[in-house]
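Heads up, there are several structures right after this.
Next come two complexes, and both contain chain A; in the first it sits with chain B, in the second with chain C.
Entry: the complex of A and B
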């Protein structure tokens, strides 16, 4: 296929690797389109196509597939199994291409390359690009090279560094400035935090209340440090990052309170949430879990956030 | 040190006596009851899965009964099971219990398992460690064999509860068979016992393949004794996941038994191309296998919020549509009521009987 239109649903790992994926396909001479930002219509489509009680982000992802599928020749839904040695993605991410195929009767061809560092080590990038090269009838060597080049330009090259390739997709997040405002550390999975529709515009709402929302992507050293406090290495790639950013926020004096945003019935978060609350919050900072599902209303979320910030304001005053 | 291990189906029957003989002071948790579940639910994180909650309840009850050490298998995998031990330990310490917690962090590696056995028992030599471990596995396989016989005879029995009595007797016999030679002697006897049950030979019962998350499938408390209920509805159960298979896939103690995970992976190709942890690949692969073999329908059971099985249940509902094959997915948690389960099962069995009557399904 020469110059096919490739569609990437704006959901789940898109919020972590969009830049990398988009520039990779553009370098290969393809036209790439992403679905629009999540809206009520997309979520409704997602709910219509889901057959079981999957979590909200996956349902939303399927909604994005539904609005995208008619307009593209190829759907890019990579299968991420592990991003480094000793880690795994959540099972729903591992099965994502198959789940997508199962939920739709008619789909364009699904491109589902496997990214599995635990199995392939440094060769993971080659394994990842091989099926892409095949589907686009390109040279596998050249495709792998171009992928590696993209990775190394920004992130040092090895397959392990792929994880770092994340580009935070929201201008909302800032490093804590030395201001008098209340600083709220917001932790959670990128695909929930930075999807403005799903997180009910949490960042701008916090700002509207006169506080400073802060979020971060923990560095490798911070992850390692956080893992020394808890008894066992957290083996979910994203769970690990949530735990590490919680640790950073709890340690940081400039942060006044922490909000953990997770989707209802999220498997890994049900466990890491417990760890964060009991192990990491040693200084007893205000901490709140906001769990979001398709029934969550703006008002409900906003009331809780407002109350949380009011409480902090009272304590600090 | 009084050691306790949370229940999982008949597993505790397989190891308790053997380990006791080698100097381990075993204190199995009392059989799970509603109280066990209540304790687990009370202290577990809200969205933790059902096996976690029942295990936690087991631990609390065993500690109350005087145990002071817990062995909880761990591991690193996409499923939450590998992280159970950490969270459970944290909860129990918070409740003020004092105990020693050991986990085997790599249950897939034989040396790790043998190491655990040598650590908890007085066994010194490596050879003895291996021999104990494989005896436990063989006992597990024997228990599974007896359960399979139960599945065959239960729907055909003429006198109610006959088969249940024989199963109980067989479990006791296997429990007492504490060496390889005794175990091999006891198996033909068990087969004789089952064969002696008066059965209705003319009956060709509806068959249902039972698949899903392994704990919920093999632990009668977690699934309201679903296999017995199906048997009473005159349904022959074909179970797709066995604990001994799970162990055999890892440790190859039965050289002539096919590696079930690898087999399921082959079968599932096209629907699920990569195992998504847990029993997801078995569920998908064996649904296809059961259909090919002419089993009338598949009952897929899983705990609420189970991640791998949610993937599998989405995929098998597609299989069901594509191939016009009856599949019923049921989710279990502390809220599920027995009446709900029975009603749905009855409706499903009625459907299968009608399909067979109308000649849609084979036989």
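Entry: the complex of A and C
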């Protein structure tokens, strides 16, 4: 294929690596399109094509595949296994290309390169780009170089640095300087937090209630520090970042309370949620878990968030 | 003297209270919403007017899952979530309250309070297994009224063990227990235990229930549930006199701070209000938009996630 059209479903790791993936394919001379932001139609398509045991973000991802598949030559669904030594993606994410193939009868070619630092170490980027080069009839060496170059623009360029290449999409969520408003630290996996449809517009809702929503990507040092407080290294990729963000927010005096947004059927989140509550919240800051699934109503989420902010504002005092 | 109106439009019942500036309940009404919240609210207002005359209203508060609807119908000064509303009324009544257990028709809450401030809370998720509608459904199935459940439960000698995690399973388990020969009293008591276990597992997990505990919401009417809670936790559960209307009292208390009320006046009881809905087709979200009409005039619209229909209200 000379100039194939590559489709990337706007779900799951898209929210972490979109910038990198899009620039990578564009540099290779491809046309890349992403599915639109999640909406009711996409979620409906996802639910139609899926089995009930999957979590909401995976169901939503399949909805994005459904709306994208007719318009592209190749579907890019990478198989991320480990982003660094002693760290794993959740099994549903590891099996994502297989899950996708199982749920659809007709799909364009699925490009599912493997990213596996645990197995390939520093060669992970080369292994990752090899099948891409093959599918696009490009030189494997040049394709790998192009990928490394993009990574090294902001990071060291080693395979493990790929994990840190993620950018937080769409929301302006830094701690505002010297604000008198209540600041709510919002933690959770990027693909839930920054998918405005799934997270029921949480950031703008918090803002509407007169508080500042704040989110962050923890630095490597902050992750290491958080891991020393809990009994065991969190080996779930992303789960580790969620735990570390909680730690940073609990420490930060400017943050009045923390909301953990998780998906109802998420295994790793049920572990990390408990760790955060029991081990990290040593100063007893207001902390709440918002569990989201396809049945969650906007009203239910809004009632909880309103009550949480009332609690911080000490409305009943 | 001005009085303050508190309205709690819940999923199953609609509560309206009138309080004075000290928080004393002057009048109250508790009626089934029966899927028609506007009608329930209007008939409560008509009854209030009949009993109390044209009371001068100093402020109006609304709460419950239908709080926005109630606001559009009567014109509210404060629209508050149920958790804050329940906490306010319990603290007003028992200033040193530390735990509030509230079980209503479709949802249940646990609120922890220290020094008059809410410190933590939890609410059931979509499943209504541990709530009033679950109890009512099972009572109907057993052929007894919801009001009789408590006395049956208290008369039990050996409560049957019933799975309460899910209404569907609870029902098949109850049928199984009936066919095994357990008597009605033991089954009803088992049902109360199942509801309490469900509540404690889902809402109270990892949270400390410390005294004084206030038990409010419609389900507090059932002494069998109160007894189950006390047996299971070893704590005393206080049921306040106005247990089913505490949410409405809470927002009425809050409405006392109103300077100039938005209350539409007692004519709200007679307005010809109707609702209609449509799906907006302008984007793939196809939100269901709801309108309230006063004769031919649209007085409120909501339900759209972008807010453009809501903004058009006259």
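Here is the rule we go by: the second predicted complex is superposed on the first by the 312 of 317 C-alpha atoms of A that agree within 3 Å, B and C clash if a C-alpha of one lies under 4 Å from a C-alpha of the other, contacts with A are read in each partner's own complex, and residues count from 1 in each chain.
Rule of thumb we're sticking to: contacts are C-beta pairs under 8 Å (C-beta built on N, C-alpha and C of every residue); 3 or more make two chains touch, one makes a residue touch a chain.
None of these values were measured; they are calculated from a predicted model.
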item	value
When chain B and chain C are modelled together on chain A, clash or fit	fit
Partner chain(s) touched by A:275 [first = chain B, second = chain C, both, neither]	first
Which of chain B and chain C A:92 touches, first, second, both or neither	first
Per-residue contact with chain A, leading partner among chain C and chain B	B
Which superposed partner A:227 touches (first chain B, second chain C, both, neither)	neither
Which of chain B and chain C A:112 touches, first, second, both or neither	first
First, second, both or neither for A:267, with chain B first and chain C second	first
Which of chain B and chain C A:310 touches, first, second, both or neither	second
Included angle at chain A between vectors to chain C and chain B, based on C-alpha centres and rounded to the nearest 10 degrees	80
Distance of closest approach, chain C and chain B, by C-alpha atoms in Å	6
Chain B and chain C footprints on chain A, overlapping residues	264, 278
Chain A partner contacts - residues on chain B that touch it in the complex	45-49, 74, 76-80, 82-83, 85-87, 89-91, 94, 105, 271-278, 280, 304-308, 310-315, 317-318, 329, 331
Of chain A, residues touching chain C in the complex	36, 39-42, 197, 201, 264, 277-278, 286, 291, 293, 295-300, 302-304, 306-307, 310-311, 314-317
Footprint of chain A on chain C - complex, ascending	65, 80-84, 87-88, 91, 113, 115-121, 123, 125-126, 206, 283-287, 305
Contacting residues of chain A [partner chain B, same complex]	50-54, 79, 81, 86, 88-92, 94-95, 97-99, 101-103, 112, 114, 230-236, 264-271, 273-275, 278-279
